[in-house]
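First chain A sits with chain B, and in the next complex the same chain sits with chain C.
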Partner chain A sequence: MSLNIATGVANSSLGANSEQIAVLSRNIARAGEANASRKTVNLVTTGDGGVRAASITRASNQALFVNSLTARSAAASHQAITSSLNQLERTINDPELDASPAALIEKLGSDLQQYATTPGDITVAKSTVLTAKKLAVSLNEATSITQAVRKDADAGIAEAVTRVNELLRQFGKANETIVKGVQSGADVTDALDERDSLLASVSELIGVRPLNRAGGDMALYTDGGVTLFETTARTVQFTATSMFTAGIQGGSVTIDGVPVTGSSAAMPISSGKIYGLTQVRDDYAVSYQRQLDETARALVDIFRETDQSATPLLADATGLFTYSGAPAIPGTGTIVNGVAASIAVNPAVDPDLGGSAKLLRDSGVNGAAYVYNATSASGFSDRLLTLSDALGANRPFDAVAGLETSANVRGFSASSVAWLSEARKTASEDMDYSETMMQRSGEALSSATGVNIDQEMTRMLEVERSYAASAKLIAAIDGMFETLLAAAG
Partner chain B sequence: MTYFVSTKTVSEASRFSLMSLQTRLADGQKELTTGRLIDVGESLGYETGKTVSLRQEFERLTQITETNVLVATRLAASQAAIKQMAGNAQSFLDSLTGARESASAKATVAAAAKAGLAALTDMLNTTAGGEYVFAGINTDMKPVAEYVASPASAASTSVAAAFLAEFGFAQSDPAVSNISSADMEAFLGGGFDGLFGAASWSADWSSASDSNIRSRISTYELIDTSANANEQAFRDLAQAYTMVADLNVETLNQNTYEAVLNAASKILGKAAQGIGDIQSRLGIAQQRVSNADERMALQVNILTEHINGLETVDPYEASTKVSALITQIETAYALTARVQRLSLLNYL
Partner chain C sequence: MAAQANRLGTVADNIANGSTAGYKRASAEFSSFILESGVSDYQSGSVETNIRYGVSEQGALSYTSSITDLAVRGDGFFVVSGSDAQPMLTRAGSFVEDGEGNLVNAGGFKLMGYSLVNGAPSAVANGAAGLEAINLGSVGMQANPSTEGNLYVNVDADAALVAAANLPSANATTAAFSSKTSLIAYDNLGREVTLDVYFTKTAANAWEVAAFDQSGAATGGGFPYSAAAVLADDALAFDPATGKLTAANAQSLTIPVPNGGSLVLDLSQTTQLAANYTVLSAKVDGNAPSSVSEVQIGEDGTMFIVFQDGSRVAGYQIPLATVRSPDNLDPLAGNVYMPSIDSGDMLIGFADQGGFGAIVSGAIEQSTVDLATELTAMIESQRNYTVNSKVFQTGAELIDVLVNLKR
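Let's look at the complex of A and B:
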């Protein structure tokens, strides 16, 4: 073995050391990045006894990675649901404020009681009608809030779909780089990091299952099993609905033409932001709207007027409360979409619109045949007492509203508040749980694959020493040559 | 085996826990100052329906208690007026007994009867809170018009017409002294009595409605809470006063005069009984109102307790929670500072 070979070995060590230092610097530089993984240099011994940096590997843990993707999807869907339900909560507010339809129904009941005690007092009549107006407006507002929530969710889905397509396109690029890199033996670790990071972003929008394939290739499937990416990105499509009213259904998200949300989906997605928003748009907000519509329908029904003639011939007609289908009374126990949106106090009773508040006591909004107080007695309270009782009487409600099917309107509206609050509580607890899960799985992944600066520093010391030793070796060999040349000279 | 942990995990962990601690601290502080749950709906879940129902119940009971004040006022005003009517009737009856023998007392008795009739009209027109309490449900109509008025009231016109039809001359005619006691008794028991029957009364005397005011005095009690001017007892009183006041008793001969006084006394006796009935009926209503109020006051207390139990936070618990959180956050700060200082760089 010649000194020349020794120099070569020492030289190769210097080269390997520089390579290691370069990788260490890369590690340290990216220590703060969420998806950065730890890279290490694999050294191999060369035929002449030297070393060489053969390849760079990155720390990865497929199980933890998939875990963290699942947790991300779940957290994103729960976040979407919670924030939408919090918007719906504006229709109730703090029970102390008595601003919910439930509280206003009770206020109307109280006003009727007051009015029944002093039926001749026009001020009380007017304030009762005013409460009725507030109640109608609160139902109108609750409807517009609910439909706005649906519209927002729909727009959110459209945005998420656009983003998914863009992410899948980038994913395709990264994937191509990796496949080519693996074939040519290039360092693909940074591309792998990028692909993982894109995948994490996709998983926030739509539940996704990655599948590693030969040659570094990766295929993506939704959590429902529909192919999202295989060699090329599949097209995710969605058409936003321009206007929402009660009873209007939104469009569904399709991947390559296969629906993955909505009732027609055979393999529906079950997590991610798109899933959460779909739940809000098609489930929570729809049920809540039905409850509002049923409440409004019950109110229209309660205040109906009946023909008071000796032989009644005319059909019952809407009284204090009117709606888009007036004067016909909506059918019993069957939902009518949109009543809460159109419910209003009959202009004939509304003093602000030139009506007479006294019609509440006497009735007859629909003509003389419907007048209950035939003698116009100012102390006539029978009608008011009947109405006040009717607010507390059980009546049928449509089962599609998801609440009791027989209840009084006070109880029904209170149940609606309970339903929404319970949904919020559950969603918020789910969100807390899934966020903690996401945090923990992220930590676990980061611990397994991330960078520890202290460790890198220690490694750096090692490399430094090794570099110094190699340099020393070269100096020693140089000294030996010198001695040899001096002896020869 | 060494456990590996990335630098990012170490710093992220403290950041995440600090964030959640601070959110909880903000909520805790607000709960401590307001004494109520930070977000009632989210904290109670389905139980929010319960607090909404309780608040509904609370509102209903409070409202009924408030309207019961009006009802009680009306009943008290009615009772006071009726008591006065009964007192007046009694003293009029007393004066009738004393005036029987003396011819000079005739004018006094007639004057007392006129005053009594005016007072009765006045009492029947009692108002409470801007409503006529004896008007039945016609609360905005004065129930009884003044008997002596110009132009002549419908009631006095009818009496004059009945008198003329019976005897062929008016009350002011000197010929009234010739009316025999038997004829007068026939008139008082026939044509004159007919003027105070329900139908004639409503036509000539009263604008009140026969329907009494009905009030809801508790969640399930709906009762009559007024008497109306059309009640038999009131009609009897008016009848007794009118026969002495408007039949020109000063001019009647002694026998006929006594026959009028006898008839008046008899009717007054009957009226006194009827008045007593009305008084006890209204008294029972008053009793029921006050019982209902007591009951509802108890219920309102219980409801308030329940609502508070659901919506409020225990101040001691909230305060302990806040101090514990502060300690935790301080520890977390100290820990973060130390962890940040902890780097191999410092030792190389």
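Let's look at the complex of A and C:
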């Protein structure tokens, strides 16, 4: 080996060492980043015995990465469900405050009993009507909160869809950089990190399955198998609904022309924030709204008035409680959407609106034919006792509400509260579990592919030594040339 | 003394070209020149100088960051041409793209190659016919229509059956399907065509695969597609024992891409197992028109053009040439060599074949000059020169003595 080649070799070693230091500093600088992976320089021996940095590779573990994506999607869907159910639970309120529909139905029952014992006491009559008004208002408010939760969920879906489209666009750019870089042998490790991080963001919104293809290319499919990205990003479409009332269905999300949420979904998604929000909008909130509507319908039904004529000709009509379909009585055992939104105390009974609270005892809101207390006796309590009994009597409820089909209105309302609490508790537990899973899988991935500062420092010392040795070698060769030149004089 | 001066001349050249890429060191070889002499008297002769070039000596490779820096590991030479279009040989491979798109080395010579744009090159083994200067500018926008691809999926064995009237192939508004995927293909002009591929279960172990052009889909996506968008459909039969396609079944679907070629979509590894619909592999060839992003050169000398979208095509093949006796090549300025009568004719072939060596991209061959050897040669020449001058001096003194005798 000639001195020239020896210089070249020492020089190549310096070059390779500086390349390694550059990569080490990149590693150390990104040590705190969650998605940063450890990069290493691959050295190869060259033809003349020197060394060169052939490529830069990064630590990766596909199985752990896919696990962490799945855990992320599951956690995101449970988080969305839990936070929405927490909002819904506001409708139950603090049971101590007695402002929930269930508590007010109980109170109405006891007020009626008290009024039945003192049918002549106008104060008790007024307080009973007041309770009925509070009950109607609480059902109205619960409905508006429930529909607001649905609207928020719908808006959340629209926002998530916009975000997915944007992320897929960025994913496309990163993917193109990688494909090009792999072809030309450029360092694509940073682009790979970026693509992984974008993928993690997408997986929070929609459950994804990545498919690695030749040349560093990647295709994305939803957990239901719909194409999200293949060479180019597919369009994710969603039209937000501007107004929600009971019975209105929200739009469905379509990806690549295939509906992935809603009842018509051919290849439904099963995790991610969009899935969670859809569950809230189309499932939890809808069921709860149906329970409220059924409760309201039962109340309207219980307080109905019947024609008291010797030969009844007139149809039954709404009494204390009225609603948008009044004076007709809603059908038995069948859901009527929107009753809870429009239920109100009949103005004829409401003293605040110039009505008479005594009509509660006597009836006849709909005219003389419906008056139960024909003689206007102040001690007439039959009607009040009938009403009080009806509150405790079993009646049919529509199965679509998801609760028992035969129950008294008090029990039904209490079941509804229990149903919501149970759903919230389950969702909260699922969320805790999936968040733990997400943390664990993230830690596993990080320890497999992340940067370890200690390791980097050790590597740095090694590189430093090697650099010093190469520099020393160059100095020695220089000394040898000095000697030769001195001889040449 | 003149011979030693020649030798010093080669040493000076060598040292000066110590860092010239592809330079082969020159050396002065001496042979004695003897006059007829008798037994009793010596007719002093002289020395003859022959300048040799160690052309066949392999120089060390030094790696650079430029892809178009090329080196040969082995016996071959690059074929280059100067301003007079005369093909010449060189090992100096520090090529860069000039303003016209030609690859030019430090000596100003253009790299020659065979164009692959119109198919495989017709190389002539003993001549430079068919060679042209490699021009990166000439490889402009290029689009390739899709002709082959694969789509391997697992279809869910437990999927619901779809009635015959509602199959995607019937293209009715009521059409239903089990699974769908979409693929990007390219037509003749390189336009992207999104193909919707539907898999629909028709009976136990029997499926239908149907392909449509997504641009003809109904508003919002889906059925019915316009008549022109209905591309192809076929039945798939799966073996209930293995879940694989039966051997008798067609293993691929031929899709006529609108305004494009026939895309043969390989389905051979599609399975029907009791698992969710999963895409196992999806790939379609072809590329959209895009401008040249960079070039890439393989060990066999194939120069790939990498386009902006990451796809690549073979643009040129860089040949290597050699002669029977490389050391007898005629050196010219600019580190190029001309075949001479002594060296034999130029033989042209490709890298990695029959002793031409391999092309290394991103490296240049260093000068074969070793400074220590040259300095040693210099010291030796100096000593020889000094001794010769002593002989000269002694001769002059002898003549002086002879002249003094006469006085």
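Throughout what follows, the second predicted complex is superposed on the first by the 487 of 489 C-alpha atoms of A that agree within 3 Å, B and C clash if a C-alpha of one lies under 4 Å from a C-alpha of the other, contacts with A are read in each partner's own complex, and residues count from 1 in each chain.
Rule of thumb we're sticking to: a residue touches a chain if its C-beta (ideal position, glycine included) is under 8 Å from a C-beta of that chain, and two chains touch if they have at least 3 such contacts.
Everything numeric here is computed off the predicted structure, so don't read it as measured data.
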Partner chain in contact with A:454 - chain B first, chain C second, else both or neither: first
Chain A residues touched by each partner, larger count belonging to chain B or chain C: B
Contacts of A:266 with chain B and chain C, given as first, second, both or neither: second
Touched partner set for A:407, first chain B, second chain C, both or neither: neither
Chain B versus chain C as contact partner of A:385, first or second or both or neither: first
Chain B versus chain C as contact partner of A:215, first or second or both or neither: second
Touching partner for A:179 - first (chain B), second (chain C), both, neither: second
Chain A to chain B touching residues, read off their complex: 31-34, 38, 89, 92, 94-96, 98, 100, 102-103, 105-107, 109-110, 113-114, 116-121, 375, 377-382, 385, 388, 410-411, 413-415, 417-422, 424-426, 428, 439, 442-443, 446-455, 457-458, 461
In the complex with chain C, residue positions of chain A that touch it: 2-5, 8, 12, 46-48, 50, 52, 176, 179-180, 182-185, 209, 211, 213-215, 217, 219, 221, 224-227, 230-232, 234, 237, 254, 256-258, 266-267, 480-481, 484-485, 487-488
Residues of chain C that touch chain A when the two form their complex: 18, 60-63, 67, 73, 176-177, 179-184, 192, 194, 196, 214, 217, 220-222, 276-284, 293-294, 296, 304, 306, 308-312, 363, 366, 369-373, 375-376, 378-379, 382
Complex contacts: residues of chain B adjacent to chain A: 4-9, 12-13, 16, 36, 40-53, 55-56, 59-60, 62-64, 66-67, 70-71, 129-131, 135-141, 209, 211, 213-216, 222, 311, 343-345, 348
